[in-house]
Structures are given as C-alpha cells and as structure tokens.
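Heads up, the next two complexes both have chain A, just with different partners, chain B and then chain C.
So, the complex of A and B:
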C-alpha cells in the first residue's frame, strides 16, 4: 500500500511538471507568433487552422484547446441524413451574451475547419451556411462568447460524398 | 472579377436579415479530373459584410464550404433604403464586391 501511495505521489509530481513545462512552451510559441503577426493578425486568413487535419490541431490553432461542451449554449441545426454531401446546410445559433466568434468544423473532412465568423457587437450569434462532407461525420460548432469557448457536435449521415464523386 | 452575388437584406423589428449567395467554384484542391490530374485549389478565403461603412460580419472560409457559398446572418439596426455591401477575396487574390438595398 505504501508503495502504491508513493508511486501515485511521484506520478502527480511528474504530471504537474509536464503541465507547467507544456504551458510555458505554448506561451513562448504564442508570444513569438504574436510578435511576428501582430500587425495582420486579425484580418489575415488563418492558414494553420484551415490546413489542420484533426479537430485537436484546429482547436489549438484557434487558441481554443479545451472548449466546454454545451448543447444548451449552442443550438446546432444540421440534417440527420444528407443525400448530397456536397451541400449540407448548417445553422449555428448562440444566445449567450457577447458572442465574438463562431466556427464550423466537419471532423472527418481532409481539412476539418470549414469556416470562422467574427461577430462584431450588434450582430446576432447566428449564422447559416452550407458545407461539403466527404462521408458521414460530426459537424462541430465552436462559439467564443465573452472570451470563453463552447462547443457542440451533431452527426450527419452522408449517403453520397461531396468530393466530386 | 468573379460573377455577381445575390444579396437580399430586409429589416424587421430593428433587426436586419442578410442572405448572400456567392458564385464561386470552391475547388478543394483534392478533386481529380477524369485523366487523374488534380484540379488546383480555388476557393473564397475571406468575406466581409458592411452596413453604411461599418463591418457587421467577417468570415474566413476553408475548402469545406460548398460551391456557390450561402450565408445568412442578422444584425441589429439598419433601415429600409440603406445599403449592405458584401466583399469576398479568394485564394488567387481575386475579389468582388456587390451591394444591396435593405428592404422593409
């Protein structure tokens, strides 16, 4: 028993050390990125995010590494079944105060991020657009409201792919 | 220059609804011709919507947005007769701006 307790303590220490180290590394990275890109940061197309191959990669590129899952905060409307994967309507509605950004992802597409909308003050937290889906996948909505990220997802079954097939 | 957009804007109870249909191929860069050659990526990357000179929506698009992108959103304010202007830029640097008058 003592041994196990000891082991656990060591593990916790290791975990904490890793956390701190990782955090510092990320901070440094963002700091450098910020310096290099501070001028054009807002308007420039986010190439890193749009060429991301996985959800984790894309979320990190949007500085939204661990958004809160909330189907209450975000209403995501997609068809359950899409006969034509090349035109899938997606509506994201978020009634939280101070919605700043809405992003739409398709988690199994080659590039997962479909679009990012910047919502200025006075514009409602609502967008509708249409996305391509190569196969049955989750459509994910990410909303930034008052500096905090929220996400929700819904599966869309695709019966015919959207990639020129 | 691209082809003209269709823009509809209408105001109701102080909220303006904007619908935009852009005409663009939105090639992913992953599709192949019948002979196996890749069709190069060609898609809208940025969209900006302005109302009387004020930006009411900015968007960045990736390859996953459908051909002839559709967009709907609402902003507060706006009055019948005022203008809404939509501008897009694609990855080849082409750009186009169209305007519509807000209907009651």
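So, the complex of A and C:
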C-alpha cells in the first residue's frame, strides 16, 4: 500500500490500453480459453465435482472430504450483500506455503462447485473471479496447500432490493 | 436575535405556567436556553458534522421515532433507545429542550413550545458562531444532503450544493447524491466543488477493474495537526436504490480496503483519522470493532440523534462512534486535544438547531430565496389541511406514510399498498396546511414511479420478509438502514427476533388469512428496476396531491402497524 498512487496510475493505463486495444484484448482472452480447452486441461476436468448437487458430494469428488476450517489461513473477500447476483465478485487469498489448488463453491447453487484453479508451483495463492448466485447462500473457499485441505465460508445475501434510506 | 430569543423565552415561561412542562421556573428555562450554544472550545482539533439534512433548507418539524427496535446484541443499546430510555441512558434532563430534540415525548405540545428546528440560514449562524471559537475547524457533510425536497429534485441538487458551499462544507460523502446519476455528481465534484469541497469515498470503485471513483480520503491540517478524513458512501446504494443511476460503480462496506486506507493515512503522517460515514449506526458500531486506527466514525444514514459518542474497543484502541440525526436538526461538534502526535482527549456535543434561538444568516437567506423563486408557485399550492399530527419516522409506519398508502389504495383501486421505509420526511403539526412542498418532502426522489402489481400471497410474504431482514438481521453488515416497508390494507404480525422467513406471520386482508397462491393487486412506488422505470408510472406526489385535493381535510387515524411478538419491554419502543 506504500504506493497506491502508482497502482492507480497502472490501473488507469491498463484501462486505457484495454479501451484502445479492445480487439486485441478480446483475442488474447479467446487465446486463453483455447488453452483451457486443450487436451491437457480437459484431462483434468473433474466432471463429478462440477456436477455435484451438494457440498459433501463436491468435497468428496475433490478428495477433500474433511477440510480444516480456517479463516486465518484463507482470506475470502465477498460482498455482504450482492449488488448483482449474476456477477458476485469473489477473491481468495492464501498465504500458506505450496498452494496447489483453490476452489470456490456456492452452497445453494444447483451445481455447488463454481470454479477450481490449479496453482502452479511458485505462484502466489490468489484468485479473483465472479460467480452467479440465485439466492442468499454461503460462498465457500477451499484451498489445497502442501497436500492438505483448508476451507472458509462467508454468507452473501441476494436480495430483491429497494426500500432503503 | 433578541426578539426571537425573547419570544422564545416568553413561550417557555407561558408553557411553564401552564403546567404541562418543562422547567421548574422561568429563570431556569431562560438560563438553559441562553447556554444552549455556549460551547467552550476543547483542545486544538475540531470537526463540525452535519448529515442527512435531506435538502431541508427551511426550519421544519421532525418527530423522532417512538419505535426503533434493536435485536440480538443490539437490543437495548444505542441507537436502539427511544423516549425516556434514551434520556436516562445519556443523562438528558426530561422536559428540557434537548429532550424534545432527541425524543418524541409529549411531541405536539413540546413542538408548539420550542418551535421549528433546523433550517440552513439558522444553521449557518450556528456554524459561524462555533467556528469563531474554533479556528481551523472543518465542517463535514455525511451525505443525503442534496435530496429530499421538490426544489432539490428539480434543480438536481443545485440549491443544496450552493447552500453547502455557502455554509462552508469542507469534505463530504454521499448516498442519494448518486441518484442524480454518476455523471451529475462527478461533474459537480470536478467543477463547482473543485478546490473548495472534497468528495471522499473509499468504498466506491469501478465495477470492472475496481479503480477508485472518488478520493478515498483527504488529509487537511487543523492548527498544524494533519487530520485524515476518510469517506464511506452508503454501501448499499446499488441495492436499496436503483443501480441504473450508477451502473459502472460498485459499493459495499469494503472493510479490508478501509483498513489499508487508514494505515496509509497514518503512514503519511495523519495524527487524527476519522471516517465520515454513511453506513448507518449499527454498521458503524460493528465496523469500529473490526478496524483499527480510527479515532472516530462520524456517522449518518440511520438518522439517529445520539447525544454522546459510543466508544468501541478494537485491537488498536478505542474508536468513538457518533450519529448526528437528520433534516438539519443537529450540528455535531467533536473537539480533540491532540498531544505528542495523538489524540489525548475529546469532547462531543450534538447541538439541536432551534430556529427560534438563532438568527437567520442574511447571505444564506438570500441564497435560499433565489433558489426558491422559480418553484414557489408550484410548491406553495395548498392541497388540504390535517386535523392531526403527520410524521413518518418509526420502524413500521407513520401517519404521513399512512396518508400515502391511503392515497395509493384509493387512487389506484388496490386493496393493498406498499410504501418504502424511508427515514427522511418532515412532520406537520395538527391544523397545518399540507402544501405540495410538504408532499414532496416525503416523496422527492428520482425514481418516483407509482406501480400496480399483481402479486401472489407468497410473493407478498417474500417481499415483507426480505425488507424485514434488511432491518432486523442480527448481523449489522446485512442491514440496509431503512425502516420496514409501510403496508396498507394488509394486517400482519411481526417477530423481529425470529429468523429470516419466519418474522412475518398471520397476514390477513379484511380479516381473512392471505392465500399464498391467490393473486392480489398491490399498489407501490419507488421501484428500483429499469423495467419499472421504462413503464414510467405516475409520480407518487401527483397521486398523493390528487388524493389530498379531493379529501380537503385529512382525518389522521392510527397508522396500520403489525402486531409485534417477542419485543415486550424492549427500550427501543415507547
């Protein structure tokens, strides 16, 4: 945080770059999707986990049947109340050594597992994404670090809105 | 000023002789009134605070709630104290002018005795007086200042912007200000306010990359002491209000980011760090326990006139939490003694603004007249008179909201009506004329569309449960700071301490239980969706005005409120 101003500047540059080079950015993104659909990625697709209807089922499918609860090891950032249930921002940070995998669940979604990220060795344990939520539910973060599973959860309220103030 | 004060004291004396109030003797009353604004300076860093004036430029009446329930850990604690419980907790003398300002006790008689409150011309005099004894003091505006009257609505807040500049506001944050649209507030910030007033909000970011939209904070020197003022806009602006006004912005409480901002301000040398907050007091109390490094949170949104700060312990020490009421009724004065780079002691006073005790500032009066002129004929239209007290504030309903509900049910031929649980809106004493100005003081928003919706009994229950959870969720971070949606026609029981989905019980229409699968016609207003905006229903003030012109005399009846369960003895109700 010593250099917020600098960060802001970088953000603005990034924004401008994306604005002016929108086409290029989009191409890059498609490129990434292409990569994800490569044979290697598909081989790792855990169909059972992603079709799971319950947390227990999904955790079992990820071989994480009884993860350790730890709000200290994992920092999960979500809004208390979703501004838009279709795109709820979720950030998971884990500073434990040897983070291998980060997964995000929404416990009341039809399919509870929203995303799983494989973290290459030597990479910072940080992911940020957006998930879709149809109703008030717990967002659960599951981290595999050095072979061991940790989890933490926070409730995100999805509300009809109005009547405030 | 002499005339006004003499009149005021005379009234006090008469009232006193009449025996229904207030002081033991005349000289006591006179002494108290004279001392009201005689506030000796303490220390070297002073912050003056106004919040939630809701565009009330003129003195008016504002009745505080007789019901403001706290649930769970908040039960029986400020701000969830009303009436005598509040007076007792804060050691305010019953029957004093302050007691009238902070409570609804003996409201009509006391309001007639003490007269109108607030008003920017009177506030300006008070601010000048307090500033004269506190060189370098900063004036902070917690937001919900540019909205709440017809004049503010039609001028897109211009009357209030000019009034705040005249008043000398140094730093502001916001809520309804954003409901004039993102472009409006940015254009004012970067134009007229530039170099004069800072708009701060650490919790407003672009929805795409999370870039800051406003300065998160500013550091200003007060008597050579660097003071950081961090802004906290209303966190649920895009949920409680229409998101389409600020489609590219994201809000939220953003506790983690706040901690980073506090740490950064401290690192830059700030010796005093305060949060100018529009969170609402329950949220502020929780926030104060979870972040460290704040000397005070100067709060608003929930319109709680809290006489003394609530000290909250956290891992870094203690943070003071204040809330400065609404409608221009109060001026908060926070004095810090800063020694050896940190706060050594403080004093706080929430001064009620009694219009009869202060002269109107001439410049502000002229400014107000200038802004009023174009709208005068429209606003001064006399619509009806009221035979009873009209007020809004209270957890479940108020007589002014009941009037709005009655107007909707009649004009829209609907057996059930919903009206939002806003906490702004002035009061009218029995016998008053109701003007268009008064109606707009209850309704002036940028999404005033009236609606008629076919809803199933089940949907009605879902809506009531949803709003009730915004009010009574035991975790303050899930509260949005408004009151319960006002309900016309439908009777129900409410158990605030129950879990969500179980609070709303025994819903009845004309004595018969509501059928979950049957469809009912429900009138409402202030919808937050774009679809409702595009349908463009008749503005609610036109519906109410038409009703009033027909009625001519409003016979005030007890507002429709739910039967309450599980709150007997709660000091949050009289």
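The criterion applied here is as follows: the second predicted complex is superposed on the first by the 116 of 165 C-alpha atoms of A that agree within 3 Å, B and C clash if a C-alpha of one lies under 4 Å from a C-alpha of the other, contacts with A are read in each partner's own complex, and residues count from 1 in each chain.
Quick note on the criterion: contacts are C-beta pairs under 8 Å (C-beta built on N, C-alpha and C of every residue); 3 or more make two chains touch, one makes a residue touch a chain.
It should be emphasised that the depicted structure is a prediction, and the values quoted were computed from it without experimental measurement.
**Q** If you stack the two complexes on chain A, which partner ends up touching A:114: first (chain B), second (chain C), both, or neither?
**A** Only chain B; A:114 stays clear of chain C.
**Q** Could you figure out whether chain B or chain C reaches more residues of chain A?
**A** B
**Q** Thinking of the overlay built on chain A, is A:160 touched by chain B (first), by chain C (second), by both, or by neither?
**A** second
**Q** For A:69, decide between first (touching chain B), second (touching chain C), both and neither.
**A** neither
**Q** Just checking: does A:54 make contact with chain B only, chain C only, both, or neither of them? Give me first, second, both or neither.
**A** The answer is neither, since A:54 touches no partner chain.
**Q** Contact-wise, after the overlay, does A:83 reach chain B, chain C, both or neither (first, second, both, neither)?
**A** So A:83 only meets chain C here.
**Q** Go through the superposed model and pick first if A:95 touches only chain B, second if only chain C, both, or neither.
**A** In the superposition, A:95 touches no partner, neither chain B nor chain C.
**Q** Just which bits of chain A does chain B share with chain C as contact spots?
**A** 89, 162-164
**Q** Contact residues on chain B for chain A in the complex?
**A** 15, 26, 28, 30-32, 45-46, 55-67, 69-77
**Q** Applying the document's contact rule, which stretches of chain A touch chain B when the two form their complex?
**A** Residues 43, 45-46, 50, 86-89, 91, 106, 109-120, 122-124, 126-133, 162-164.
**Q** In the complex formed with chain C, which residues of chain A make contact?
**A** Residues of chain A touching chain C: 1-2, 4, 8, 11-12, 14-15, 75, 77, 79-84, 89, 157, 159-165.
**Q** What does chain C use to touch chain A in their complex?
**A** Those residues of chain C that touch chain A are 144, 175-176, 207-212, 234-236, 238-241, 243, 250-253, 256, 260, 263-264, 267, 301, 420-424, 462-463, 466-467, 469-470, 477-478, 480-482, 485, 526-528.
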